[in-house]
Each structure stands twice: as structure tokens, then as C-alpha cells.
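Chains here go by letter, A, B, C and D, matching the order in which they are written, and residues are numbered from 1 within each.
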């Protein structure tokens, strides 16, 4: 690859139970303000990559009526039907090919007000077995994964609660977050509604309305557009077998492979040392230590230790989800793009109250879909 | 010799339902609101983009060409030209229907967009592209889409 | 920019209306196996899989998760792209960018649909449901009769507006559409994978079918098929290593463009004539020809595969793609036939076979087979095809994708 | 900024889907109807997969040899489910249900199933369990009702 691609701008909405605007205007306002910030017009954008879903938008060909509202009327558009981190990947590949200099990635979802996330997730199940058997769903799949991890690493329920507390606290420091609680305690978590052991309501993601837009550019164009581009140093993505009973839910082959590819591309051999901050798409907090281990951010079975030492806190050694993560707000498929935008704010030192102590040189952003994260995307970003 | 085709094995069937009532939408309907408000005063109202001059009917408050919010309300003519039409001669299964209806898209004078509706005409074969037609509103209008009865050839 | 070649095409078998014998992954898997069989590739050589379909038609969100194991995607990068009718070609172009970007050497692209599992009509109406139902809040439907509104919203209704508008511009008659449909059905009879095959179909045969929505008859509309199409794309350096043939199809250009809905946009005020298609004529086509280095498409391109969900589109698109000046005249002169000077859809087109998520990809696949000289069953264009064009449209008559293939790579 | 007219749209329609289970699951369901659990073997890695399917994703090989598995196995992993999801709404169950992953004797994949006959407090991984079928079977997944501890 003889080109480099940078993220030159990004913008998020506030995440709400119900945005004051319908999705069309919510997205238009977002894109308009990003273009204004960048001092460009929609004509400066080479290609638009959207990330939205027919099941979330509740309509066939969900981008159909949205084309004008993202500024893509009479323009070059495609749509990635997957976690929005995949859309950034596709936009990047389009720029790498040399066909485009800039790409705008836009993703939205009205997860708080218009659709029920668990229903959308149910449609991810195969229709002939799992949907008929009615045993596996997003909650039980994540719970089985959490159980397997706790059995292996000896992570306790209290430690799991401490992770949830951390994210609610981090959320309180993020002005865009929806669920936030600065004074959350383990007791709050452990007394919240039980879903499937060991998971409870406050371990789970918070459905929200929201949108995110990220502008990518080639090296040459990036230097024109901004003083502080965030470079895509490495990227990897991978999908596991569908069948839960054939996957090692703790080892997470697909995440490991995705990370390996991303690290190789970024020239990283020791991610635990090099990565300053990580934003992970965890649907339940139990996935934080599992993902961190698969990503090589903490050693194998070191989850309990990392939690008790506070290593994953904003001020810790390996900060994870300083934004509060999906637990603080999760407009389903937008999550991957939010993780990337949040990683960028950290790298640029723009995160304000939830900025990690030492402005990092490398950050990791992750997106996923599927039961117990069957499909994973890993980005290594740096300035 | 003709090959005898073996019928495909019928395997079991299972079902699932996407219940649309589990979803809700909010739609910005500035255009329709303006249209029905106009009907009240027997007018056809649309919105004009202050930048490119495009006139939209129904006139939502957004210009897709300029990517900006627009607010200027303009009245357009009730008369225009048929831009295209179709006659429903059969139902979805292909059975002929008795009451043939003609649907038209009309470019009203002074607007850049097309308004869709039903054309009142005795013989559908008389319709042609470019035929002048006008909006027919009912006597007593009360500000609903039903105020617009149909289009009629001039 | 790396050059990318198509080295193999695989179908699951003949596209048909019903496949009660298989589930979705079992329908797709043979297409994957057939594509790989025609190369020197092994599953492990495939770097990335790109997949797509219309998700609400079968009611599965992210279906690629489910058939991971059936398509050789377990343990591999998978990208899912879905853009309505253009899905197949958007997926293909996704695969193209995976290789052209330098990220991967080999990409497998998959487009599929299993129409017998869901209800395509309901699925299509699902495009406009929220807008259509929002109208009820402003009183009963516009136009009084119901057809005024729904006529524009159903796919056939929208298409009939387009068909008439096109005929008006091209000074054609509905007979021209009959002729075009007859040619498509006869061509399909020469394509062993086509769904509706009608050998030696005549315009008179088509004219006997009932009128659905003037000027469109039943015989002008497409079936709902079950089927899958798979293609393997490799980087220039790897063609010799993996291709099993000397003649591969090179991707010379890819282009896409979208406007807002050009039919059925009742809430926003429609601003484009569905037969105008400036996105194709003025944006995507010129861009594609520039990228392919083609100055005179009428001379330099030997055949095209266009997305003709309705027969009149097989007349309209070649004009919008600058391949034919007037298709109504051209069909009268027999120029669009397999042995004509601008063969349009030798495969029988979408009007004969429509597994939506696969349809736009099949256009590219058929164009590549024509270049490779491998179109089976008598639908191979007799003269040597040096350049071929594939086209797809989708959404509410508002998306267009174009791919140009050649028998030699572009020197860049 | 001007106020915009926003309407709520509601659609009382349903999309109905009818899925074919295909040859392999069809045969599995035939098996359940006759109170048997069938698995299928990958000719390359020799894993026995249950529920059966046409392809092994590990080897990209067509699966071949059918095997009738013994209806006994070991509980490898479980969760106690307090809620169920109905059309996207998370509803409390009347009483918690144990959902387990079971390694049947002779199988290589884990089968997800309900565990009964043991209380949520006492259930442990490593438990030996056996399949319990419905008295009258109909050739559906529900024929295999649950697993319970081997006494």
C-alpha cells in the first residue's frame, strides 16, 4: 500500500433516549456541522459510506430516503450493513485504491425511541434453529460467554460490578453519554434487575438515539484539511464460526486474528505497552476483560487483577472505554464509529473530563456484531 | 427424449414474523402540513430554496441540492402539465379490473417537483404526456389531503 | 492503483422460483464451490469475503454471520454491503476495492436471494411504509381513488410512470417493450441458469399477457427467483497463479451515484423524472468511461448487461449509458440481439431471472463470461468481446452502479 | 430556527417469513421425532457436529457420515436465565431457567439446551446429564424437551 489514510474530522450527536429531531434532521444537522468545522462543502467529499440497517430503521433499503439528508444527493454512495467500524474500513479501502481523496462515513440509529434493540439482535439469529429453539439471544449468549470467562479466570461478581461502576462513572464525565452515574456503587449494580447470570441490567448496554460522522482523507488531502490528522495505522477484521457450541467464547479467535492483522500493519509487537487507550464495543461489561485479553492489552487470565488494581480506569495503566462505552450509550450499529471517534478525541487530547492522563500516541478502537461478538473489527489509530 | 425432472424434496418449514407495530417512526412532514394548510385557503403552497430557487411541492423545509434548511413559502399554480401517467388495468395478480383508474404525476406551473394524484377522465386512452391538467379541490376544504379530489384535464 | 481481474464465476445452479429442498446457506454454498472449482485457488487463498442481499426479504439481520461456515468465511474477514437493487454490484465493487486497495490479493464476492422464504411484495412496500402511513395523519389519501397513492408506491406502479415517460421521450410505443421482452425471454432460453426461459418468444406472445399498469404487461415484469452468484477477484500479480484460464476479465472501471427517490417520494416532493436518470447519464457513466479510458463507448464496447427489472428498462438504460442513440429504433433493426452490434442482455436479463441481491452481480458475472468466451448454452456473443459494460439500479429508481470490464488490464 | 411538523407513523402490518430447514436439519428433526439425537462427521477433521449441517467451516469440507449420539453428556457451561425476549421486549420469566451447553458423548460441538431436575443454586459444570424427550414427538426442536442429571 503506497497511500496513507487519516481521519481528519469527526462529530457525534448527544446520545438520548429520544432525539428532539427525527433521524433525517438529526443526521443533517450532524453532517452540516462537521462540514462547517472542516470548512468544506458536500462537493468536496469524494465518496459517502453509510452504515445503517433495515432492521434498525424498520424499512427496506434504509438509506433510500436518507441520501439527500447526508448531503449525498447526486453523489457517490455505498452502504455497509454491519457495525459501522466496517464502514470506516471500506471508506479507507476506497481511498487506498486511489479512486478517491476523501470519504465521509455516516451512521445513525434510533435505538432509544424507534426500535427495540433486542428484537433487532434476535433477527441476527439463524431462523431455522436458534430462533425456533428460543434459548440463545443476545443476553444468554453474552451470559454464557461471561460464565465461561469467570470460571476460567476466577473473576468475581464483585469485580464484574466494579467494571460496570467504572463505566457509569466514566459516562458521567462524558457530556454526550446517556446513562451516567458519578457515585455508582457495586451495590447498585448487584441489585439491578437480573437478566441471565452473571449479567444484570446495569452490566448491559444502554439503547440510545444517535449518530456519528467521520471524515477520512488521503495523506495529501489530510494535510490540507487539518493540522492534526489521526492516522489509521493498522486495521484488521475477522469473523468466527456462527455456532456458539463450536467457539471458544473466552479465547475469541476472530478478535485475536483481527488484532493480529491490525498490529502487524501498525508494526506493533507489544500492544500492552504501545496502546495508550482503547474504546471497545462491548455489549455487556463482562466482555471488557475478555476482549482486552484477546487483544493482548492485558495478559491471559489477568482480568481480575486488572480490575482490582483499577488498571482499566481512566487514570489506570490500560484505560478502556473512558467514554463510558456502550454501557453509557449504545445506538447499536453506530457503536463502532463512536469508538473510533472517541479514540480520535483521546489522541487529539480533546476529550476534556474523560481525557486519559497521558495523551496517548496510539489508540485502539473496536467494533463487533453477532452473538458473543462473532465478527470483530480492530483499528489502531495514531498521531 | 424429454428429461423427466425429479421433484425437489420438500423439507420442513418454520416461520417467523417481523411485527411492524414493534417499530415507531417520526417523520418530518413540513411539506404535507404546508400543503393541507394551503388547501384550506384553496391554494397550493410549496417551499422555495433561497439559494438555488428550486420550488418543492410538497415543500419540505430542506433543499437537497443545496443541503440547507429552507423556509420561504410560495404559492404555485393549480395548473400544470402531466409529466407521466399510468392506468391500472389489472390488479396485482393480473386479473382485469372494472374501474380503470389513471394515476398521474403533474408538474404544476411554478414548481420544480411533481405532484402525484388521480386523474378524472372518461377514457384513459386520451391521456398523453404533456397534457394540461389542474388540481380539483372540493367545495368545502378543511385542511386534509382529502381536500384534493383529483386532477382534471383542462 | 492495482489492476483487478475476475477469474471465475459460480452460480448455484439454475435460478428457480422455489427451493423447498434447501435452506439459505445450502442454496448459496454450491455457488461458492462452483466458483472455486474453476480456479487453482484453495479456500485458504481467499483473503476476504464480501456478501450482500436484501435483508428484509428473508428477515435475517447480518445473514453472513449465519452462513460463515458454508461460504468459507469462518476465520476470515467478511464485509457486508447492501444497497437495495444495486446490492450485487455494490458487493462486487466492494470486493474490487478490497483488492485494488492493496489490502487483499484475493476477494470472493457473493450476492444471493431466496425469494421463497419471504414476501418480496411486502418487502418492497416496506421501503415507503413509514412515509406512506404518515400521510394518513393528514386525512385520507391524495387523489381519492387509492391508486393515485399506491400506484406510485408499488414497484410496478413506479416503473409504469418511468416506462411511459421513457416512451414519450424516445418516441417509442408499447410494442417496442413487447419486442424487448420477447428478446429477453428468448435469450434466457439459451442461458442454462436463467429462470423464465421461453424459446423463440415473440412480441405477440408477450402482447397476450394481461396489462398490469399501462404500458406494462405481466410479460414485461420480472420473476422472483432463488439463486446465488459468486465471483473471485484477484490482483494482477496473482492472476497467473490462481486463474485456470488465459482469458480473464479485467475490471477497467467502477462507478456509482445516487439521487433522492425518483418515484414514490410523496412526502418530500419528487424532483426528478424517473426516466431522466441524470445520475447515470451525466454522473456515473461519464465517470466510468473516463476511468476505463473509453472515448467512444458505442464503438469500444461490444456488449452490455443492464439491470432491467421491467422490460422497458432494457431499452432505456443503453441510451442512458451512451451505448445506443435510440433503443426503440435499435430493437426494430435487430441491433440489440445476441448477434447484433450492441447485444443487450444475452443472458435474458433481470426480467427473466431476478434473485434481487444477486441480480446486479449477475450482470457483472455475465459480462465477464462474455469476455472470457465462456457463456454457456448458446448465449455467447459471436464476435470477440473486448470491452463489456454491466449496470445496476436500485432504491426508488435512484441508485445506479456501473462496472466496465475488458480483456486487457488498463495501463495506469 | 423554525419549528418542524413532526408526525408519528405507526404501521400495523407484519412481514411473514417461512423458512425451509434444508436437508440436514430435516433429518435431524426426523431423528428427534424418533427420540434420537443425530450428529454428522466432517471427513477431514473428524469432528462430530450437532446440530448437523452440510459444511464444516474449519475444513471447508462437506460433512458426510451421520452418527446417532448417545443421549448423555456433560454440562460444560451454563447460565441462569431470568428473562425472555418477546418481539424485543425483555420480560421476566415466571421462574429462572437454566440454559446449558452440553457436550454429548461422541460429539465435538456443544449443544445448547434447558437443564431441569436441579436447582439453579446447585447446578455445576461437570454435571452428567441425559436427554429427556417429550412423550409425544412432532418432529420439531421442542421434541428434545430438556436435559436432566443422570441419577
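Keep in mind that, in the parts below, contacts are C-beta pairs under 8 Å (C-beta built on N, C-alpha and C of every residue); 3 or more make two chains touch, one makes a residue touch a chain.
Small disclaimer: the values here were computed from a predicted structure and weren't measured.
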item	value
Any chain that touches chain C and chain A	B, D
Selected pair, greater C-beta contact count between A-D and B-C	B-C
Computed distance of Cα centres, chain D from chain A, in Å	29
Whole-Å gap separating chain A and chain B, where each centre is the average of the chain's CA atoms	40
Distance from the mean Cα position of chain D to that of chain C, given in whole angstrom	38
In chain C, residues with contacts to at least two other chains	19-23, 56, 58-59, 68-69, 73-75, 117, 123, 126, 129-131, 134, 137, 260, 268
Per-residue overlap in chain B, given as positions that touch at least 2 other chains	9, 11, 13-14, 16, 18, 20, 22-29, 32-33, 64
Numbers and ranges of chain A residues touching at least 2 other chains	21-22, 25, 55, 58, 68, 73-74, 115-116, 119-120, 123, 127-128, 132, 241-243
Touch-based graph of the chains, sorted into line, ring, star, complete or other	complete
Chain A residues within the chain C interface of the complex	1-2, 53-55, 58-61, 63-65, 67-68, 72-82, 86, 89-90, 92-94, 96-99, 120-121, 123-128, 236-243, 253-254, 257-258, 261, 369-371, 374-375
Of all residues in chain D, those that touch chain B in their complex	1-2, 4-23, 25-26, 29, 87-88, 139
Residues on chain C engaged by chain A in the complex (per definition of touch)	1-2, 23, 52, 54-62, 64-69, 73-84, 90, 93-94, 97-98, 100-103, 117, 123-124, 126-131, 254-261, 265, 268, 278-279, 283, 291, 394-396, 398-399
In the complex, chain A residues that touch chain B	21-25, 28, 32, 41-42, 55, 58, 68-69, 71, 73-74, 113-116, 119, 123, 127-128, 131-132
Partner chain B, residues of chain C touching it in the complex	18-23, 56, 59, 121, 129-131, 134-135, 137-145, 147-149, 151-152, 154, 156-157, 160-162, 164-165, 168, 209-216, 218, 260, 266-271, 273-275
